[in-house]
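Following are the structures in question.
Below, chain A partners chain B and then partners chain C, in two separate complexes.
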Partner chain A sequence: MPIVTRPHFLPGLPQWSRKTLFALALFGICFAFAFPVLWLILTSLRPESGVYYVHRGTEFTLGSFAEVLSDDRIVSAFLNSALISTLATVFSLLVTVSSGYMLSRFTGPASRIWFGTIYVFRCVPYISWVLPLYFVTQSWGIYDTYTGLLLPHVAVHICFFSWLMKGFFDGIDPSMEYAAMIDGCTRWGAFIRVAVPSALPAISALAVLCWLFTWNEFLFALILTGNRVPMITVVMAQFVTEMGLRWNLMAATAVMALVPAFLIALFGQKYVIRGLRI
Partner chain B sequence: MAAISLSKLNKHYGSLFHAVKDVDLEIADKEFVALVGPSGCGKSTTLRMIAGLEDITSGDIRIGDRIVNHLPPRDRDIAMVFQNYALYQHMSVYDNLAFGLRNKKTPEAEIKAAIDRAAGMLGLHELLARKPKQLSGGQQQRVALGRCIVRNPEVFLFDEPLSNLDAKLRAQMRIEIKRLHAAIPTTSVFVTHDQVEAMTLGDRVVIMRDGRVQQVGTPLQVYGKPANKFVAGFIGAPAMNFVNVTVRTEGGATAVEATGLKLTVGEAYARALAPYNGKPVIMGARPEHLALGEGAAGLSFDAHVEVVEQLGSEILLETRLGSHGITVARVPAETVIASGDQVRVSVQPGRLHFFDTETELPITG
Partner chain C sequence: MFGEQQRFMLFLIAPAALLMLLFQVLPIVIGANASFRNWALYNPKKTWVGLDHYYAVLSDPAFLYTVLPNTFLFMVLSVAGALVAGLSLALLLNRPFRGQKLVQTILLVPLMVAPVVAAIMIRWIFNDQFGIVNAVLEAIGLEGQPWLVQRWSAFGIILLTDIWLWTPWFTLLLLAGLQSLPKEPFEAAAIDGTTTWRVFRFLTLPMLRPVIVVCVVIRAIDAFRTFDIVWTLTGGGPGRSTELFSLYAYVHAFLNLDLGRGSAAAIIGGLIILVIGVALYRLVDRIAKA
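Now for the complex of A and B:
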């Protein structure tokens, strides 16, 4: 049997130069992604006078961070974002996990109608939800409240993630649940004690995705909240004033907003990869 | 102490698919019954209805003296082994075994004693701390068996438990299950598509096709006196040979004829075949009841060898007789034979089967 080897790229070059080229290409790609973040961090550390010459000056300060943190509105925006993200994650997982399970295990008309509904809502462009939602929250009197922001987020998560969850449960053998039902569990008991623990990697992955989605979300936060429930993504954009742009403050806020997202992505990464592989 | 009784059991899926049709079956206490049939014959559905995992459309299921038609699985006092083991992946082997008893709020000390006993029987002691993913297929299936016996239920249900194992392991597990049933006699229903498993394990074998029971009987009965052509062809490996023949009675002797074949049948067959004089019937002969060479007078024919399968202990011959393929088993391994050869094949007297071409029922005197 002939041994088939994969052709090298640029076969004319010696191996060391191929490796160097490969390393350079990798570095280039990483740099392209990392550069805006680096620039942002650099900007946040420069005094206001130096923000347009980030690459030149040698003067650095933490003053922008101090100024941002002394602003109650920004601090409360951080807390709001964290709270809403966490609550949205918890509530949407509660629904998404059971709805994904239903879509995977039951084939009756209820399941088909639910599937169709989610499908239709998924096909609607995200942005076209916002205006109707604005009117709904206004008329229900929940505009600019936690509930008014939570409900739309949970709804979006359910539509987007029930499908993913269905896929995870499809990959889990149902006979495990049958065995549990014979071993003394009810249908619900089998779901909670056997199916959910088996799907835990997938659920953790989903939790990470949900949390980041809400934390980074801008459009709902912009339209559905006002002064009472500021969200960090909106507050960040409000440094654009008539008096000019406060780049250094905006950058400092952005850097702080990056940190939790970065940490969650970093530690959640292994769950996301494992969960999405099921 | 539980007999199982199914009466007029039916299962419809929607209005189109009638999966199980009027199944009547009595399974005695402590009996081991094997349900066998080709895939889609309704055997697994029947088992799942006994387990309560599938609703029944009509009919009754009794376990012991209770009608269990609408009881949820957990109240039926049964245990089940699944094809893909169905172990709880997130629990250790010990917790898998303990799960059912803990649900019944059994004291931990009792649970430990029950698990010890089961682990001893199945050689699971070293595996108790492991997770199912760290076990081989055979080990997982032993844990699944263990999970059943610790609960000490009234009925064991097996849903093709050996299908995922390789051939060697399958033979081992078969013996293990047989030993287990001898040690803890419990009413058992075993579903399989493999007739060897059914024949070797079952006190009685139930053969199903298209949702209907074809025959219920001991392994010897279903092999020796098949209830119809389907059972005759399904039970036995290699499968029974079927030849379309015509019955002719001349001068007091009855013969069956096909192209290249004329067999003079004995007294008993002649009597049974008398009403069919001049008509076609289906003749069945098991490969193991054919032999090479001139046998009893008037019971041999010439065939053309197409494939020679050397098994070491014997040779399987695929031969051709007109339009029919005929398999001959038990040819001595040393026989010198090649494809293309012409051979003389003889039938053992008294080992023929005849079936009506219309009803496919056996023709007996």
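Now for the complex of A and C:
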């Protein structure tokens, strides 16, 4: 039982009108946040003839989805995006969990230098290294391949995720690891068998974020891929210019691009909220 | 050569360091080299031109009077807007009410939407002929606007899209911060009958300050390099009036096929944000220690 009640909004008003106002405000806020997505879904369900007057007419169809799914380029873009996002998540976590652990558990010049490097590179705008990366990947023969897109995506997350991971490990008491080491565990054993399992909620949160970031990423995909490895965000952006008048198809593609992200986020929401207490 | 502990530290960061070296440091060095050369596709010799590209960028009126002011204005307004909206929503979600979980899930929707998809949605909603905004305006007797082909309405829409996209991010982090604040000061304030505004101004805000500052720093640096929503919404138009710094570099490198000038612009932007980033870091450090 709380000892005291919290102060209310607008204390001068009677209870019922305060409640109504509050509910109305909530509804308005939720509407503002959800409206663009709802409108997109509605557009995707309209037949080609009715797409320009979404707010009028009552025919609905799944035809646009079928038409989009019969386009090989879009289907392969979906598969590519899913594959790259999943692989990038796995590799990013492998790399950043250990780097964040190092930042958290050790002090001294090495740790300070690594932290400084990470902070500086976090500030560097993507465009400054993705532009020349176009030439680097071409001269290594990995332009427009899975490798040529995957590795930069892993690299881009190192700074931010090491930083977040450091915060998570900072919140975990290291005495368990010391105890394990006294009992004969090696440093690696203490890291992998003790520290990593206790950081699992945070690692799950990072996995969700990393998957979403990669799935939604645009600039790298735009610059580092051509026709062989289409990514869904690039294909959609091309739509705007190439198929600018076929809004029902565009909306259908966009809705399909939302679905995996929604599923991942819905499933991972509790991890993200629990894991992000910095 | 190294002690056992040093070897362990080295192995922990080696994969990350190697990837950064190959895919960040090396490209930046190559980009810096390109920015001093005439690295255009029609010039295979890549002649050394010194600081010419930097001079060209810094004396380009489009860069000085459109791109830079746009970028800074965008950075400040987008961070301020998302902070105010995100903080209000976090405060709202921090008090219990029926349906709180549902509202929280709805508010997190933009977090899952790709910026490109968001830009496509907004472009459709603000379409000058068939968009719902103009349809509603005309229905209530006002005149529809060609939103995306006028400079300031286009800029405002880009800003609105960005704030919509990033508000949940602030809400999430600030809510986590609010929930980890100690309860006692709030109970004491309630016993003393302190007004809601004074609780917010003298308790919540100061105690939440470290989290707020971290959020602002992260977002400010990201907002400076925004590319995708501008590219999809307006492509930098009408004319070049909504171009941001990332777009300027991209346009020069890939549309005008002048990698030297594009790289010079990218490096100038990188240096600017580096200075801002380091200054902001100092600020965070000072606030965290205070």
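To be clear about the criterion, the second predicted complex is superposed on the first by the 262 of 278 C-alpha atoms of A that agree within 3 Å, B and C clash if a C-alpha of one lies under 4 Å from a C-alpha of the other, contacts with A are read in each partner's own complex, and residues count from 1 in each chain.
Going forward, contacts are C-beta pairs under 8 Å (C-beta built on N, C-alpha and C of every residue); 3 or more make two chains touch, one makes a residue touch a chain.
Model, not experiment: these values are computed from the prediction.
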After lining both complexes up on chain A, report clash or fit for chain B versus chain C.
fit
Regarding the shared-chain residue A:248, is it in contact with chain B (first), chain C (second), both, or neither?
neither
Output check: A:104 vs chain B and chain C. Expected answer is one of first, second, both, neither. What do you get?
neither
Check the residue A:80 against both partner chains and state whether it touches chain B (first), chain C (second), both, or neither.
neither
Applying the document's definition of touch, where does A:176 land relative to chain B and chain C: first, second, both, or neither?
first
Across chain A, the partner (chain B or chain C) reaching more residues is C
Classify the contacts of A:184 with the two partner chains as first (chain B alone), second (chain C alone), both, or neither.
first
To the nearest 10 degrees, chain B and chain C lie apart, as seen from the C-alpha centre of chain A, by 90
Contacts of A:44 with chain B and chain C, given as first, second, both or neither:
neither
State whether A:225 touches chain B only (first), chain C only (second), both chains, or neither.
neither
Could you say whether A:198 touches chain B, chain C, both of them, or neither, answering first, second, both or neither?
first
Shortest CA-CA distance between chain B and chain C [superposed frame, angstrom]
10
The intersection of the chain A residues contacting chain B with those contacting chain C is none
Chain A residues touching chain B - in the complex, by the definition given at the top
173, 175-176, 178-186, 194, 197-198, 200
So, in the complex, the side of chain B touching chain A is made of residues 51-53, 72-74, 76, 78-80, 82-84, 86-90, 99-100, 103-104, 147, 151
Touching residues (chain side chain A, partner chain C) in the complex:
2-7, 9, 22, 26, 29-30, 33-34, 36-37, 39-40, 43, 51-55, 94-96, 98-99, 101-102, 106, 110-111, 114, 117, 119-133, 135-136, 151-152, 154-155, 158-160, 162, 187-188, 191, 212, 215-216, 218-219, 222-223, 233, 236-237, 239-240, 247, 250-251, 254, 257-258, 261-262, 264-266, 269, 272-273, 276-278
What residues on chain C touch chain A, complex-wise?
4-6, 8-9, 11-13, 15-17, 19-20, 22-24, 26-28, 30-31, 34, 89, 92, 95, 97, 99, 103, 105-118, 120-125, 127, 129-130, 132, 135, 164, 167-168, 172-173, 175-177, 179-180, 186-187, 190-191, 194-196, 199, 211, 214, 218, 221, 224-225, 227-228, 231-232, 245-246, 249-250, 253-254, 259, 262-263, 266-267, 269-270, 273-274, 276-278, 281
